[in-house]
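Read from first to last, the chains carry the letters A, B, C and D; within each, the first residue is number 1.
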């Protein structure tokens, strides 16, 4: 089971990354920081003659690499009660890939994947983060991906998350599941 | 009551724009298409020494202009069960403005505003768009804005929305309310 | 298309009933007021030897009559951000019917039905009533029923609903749809 | 900190009760099984002359006893994506108590309480149970109660819950918090 972590935050070693590290502790994973890539917002050409034009950014290469992993961990800070705009742009672009004649295997490929979500926010994340979880469920349902679990942690200032014993305990539990058969 | 429409879509004359036009028919409004502006994703420097550095894009000028309106209509296509990444980036940047020493009046200014949401999507928007509505409520609550109403329309292909009689009827109703005292 | 209305309220001619009357105006329907029936809370015997014992109340007869209709309109006041306990008890009992050896046609029968929800509440129903709508969607999905639409109206004191022009407009729109081919 | 558990299920030693026992292990609590009480559905007389008539059931005595506790744990099986009808009826009746001239201290008294929710269901509870959690949040917000946490466990057949390691781990974590200063 090859595992990729997709980080949607921009602060190095932020709360979300710290919590995610508890989940992947001792596990072999590949980490992708979206902030290291240029990913443009989608321009909707689903109904244009000629379809989507080529976009000169890093998205295409990134999605192709991510497609080679079987388990995807979406790790995003909660900005304004949802995933970061950066991560949203990444997912929005899937609409383009779904219509890309050279990516006809995309949907099929994603259908075999399983997903986790790890998200940290400062304003009652275990309540106000729930609509975001429902959205991830709709996203994964649409793609046929299996949503295996999520953790909503609380943190605002740097290192706040280290005090969220509930989230840390859930991270350890998730670590056990992910570790099985995935030694680093 | 000065009214601004903030469009989060990229397709010219798309379904969301069409539905919004029913709402603002005969009403004097200023329309902002986010796709006409360069708005970078937020880089979280809330906790950096020195705070947020200047960002060389169009956000600052745009938010200042939008702040002069009293009613904000957020009009976004539903991408992946939420607002577009472009609109998300716009809102994410509010976190920066909230900490901008030269924008100390931002929060106070937004508190006096009222908001509407108009969104059109292709996959059961009146159900699967509800988490997005809840998020807008949380956003407006945080800013102290008054959430006066929303319309979720159905449309996938161009002009689909013209068949959604429920959404059109709701748009006409919203138009009546907005029109009062706002002749174009 | 035979239509049944199932009322979950207890106040005669309450706000929910008033709004529902706008929806069914001129349409031939059969109205069931749950308050006129004795419907006990479910006692969970799904896993008991011998299954569910007979319950001496009005539920069995009621569900059998309701099953003969093709369109079900669930009309409930919003109590504490959800359907009334009376309506919840009625739906909870479906779990019993699903296991009743003499009701083996229940699931199949319900699968062919379509449903509407009309609900009126006093505390921001168009926002705080949304989790209830999501639950109805889950319920209808489970049963294979088609969820055709809902209206969330605002009202607390008697006749408040008559001032909710948005809900009334939506009711008229729903009335048009329901009326087609259903003259009283 | 006096703790009361309010059980909404009817199956003795069911999954919800089992999970709750992990939470209250070693902690002094008083357990109330709603199934042991007769609690009628509310009859809405908020707007009747003379207000609510006396109801000849066990509710009044029960709510008065429960009011003497500082922490309330709502433990309910998830029936049809929400709390049981029995628990809903119990909460619906709070509307009556809020208007009871002899219970004028009710609101004030509840404001000082803190609440937990423990719920077990068979159909993707960590996703499809989320609207119920949002409703509990609205309920507690209305009453001014503090919502300290919740656990959503998975279980359908008896003893299923014993395999939900995530829920059990969360229960142990909650047990630690509750135990502090509450030895049995």
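Assume a residue touches a chain if its C-beta (ideal position, glycine included) is under 8 Å from a C-beta of that chain, and two chains touch if they have at least 3 such contacts.
Keep in mind it's a predicted model, so treat the numbers as computed, not measured.
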More contacts between chains, C-D or A-D: C-D
Geometric centre distance via CA averages, chain D-chain B, whole Å: 38
Between chain D and chain A, distance of the C-alpha-averaged centres to the nearest whole Å: 34
For chain C paired with chain D, centre-to-centre distance based on mean C-alpha positions, whole Å: 25
Two or more partner chains touched - positions in chain C: 130, 134
Chain contact topology (line, ring, star, complete or other): ring
Chains touching one another, given as label pairs in label order: A-B, A-D, B-C, C-D
In the complex with chain B, residue positions of chain C that touch it: 126-127, 130, 133-134, 137, 147, 149-150, 165-166, 169-170, 172-174, 176
Chain C residues touching chain D - in the complex, by the definition given at the top: 9-11, 14, 35, 41-45, 47, 77, 79-86, 88-92, 94-95, 123, 128, 130-132, 134-135, 138-139, 142, 157-158
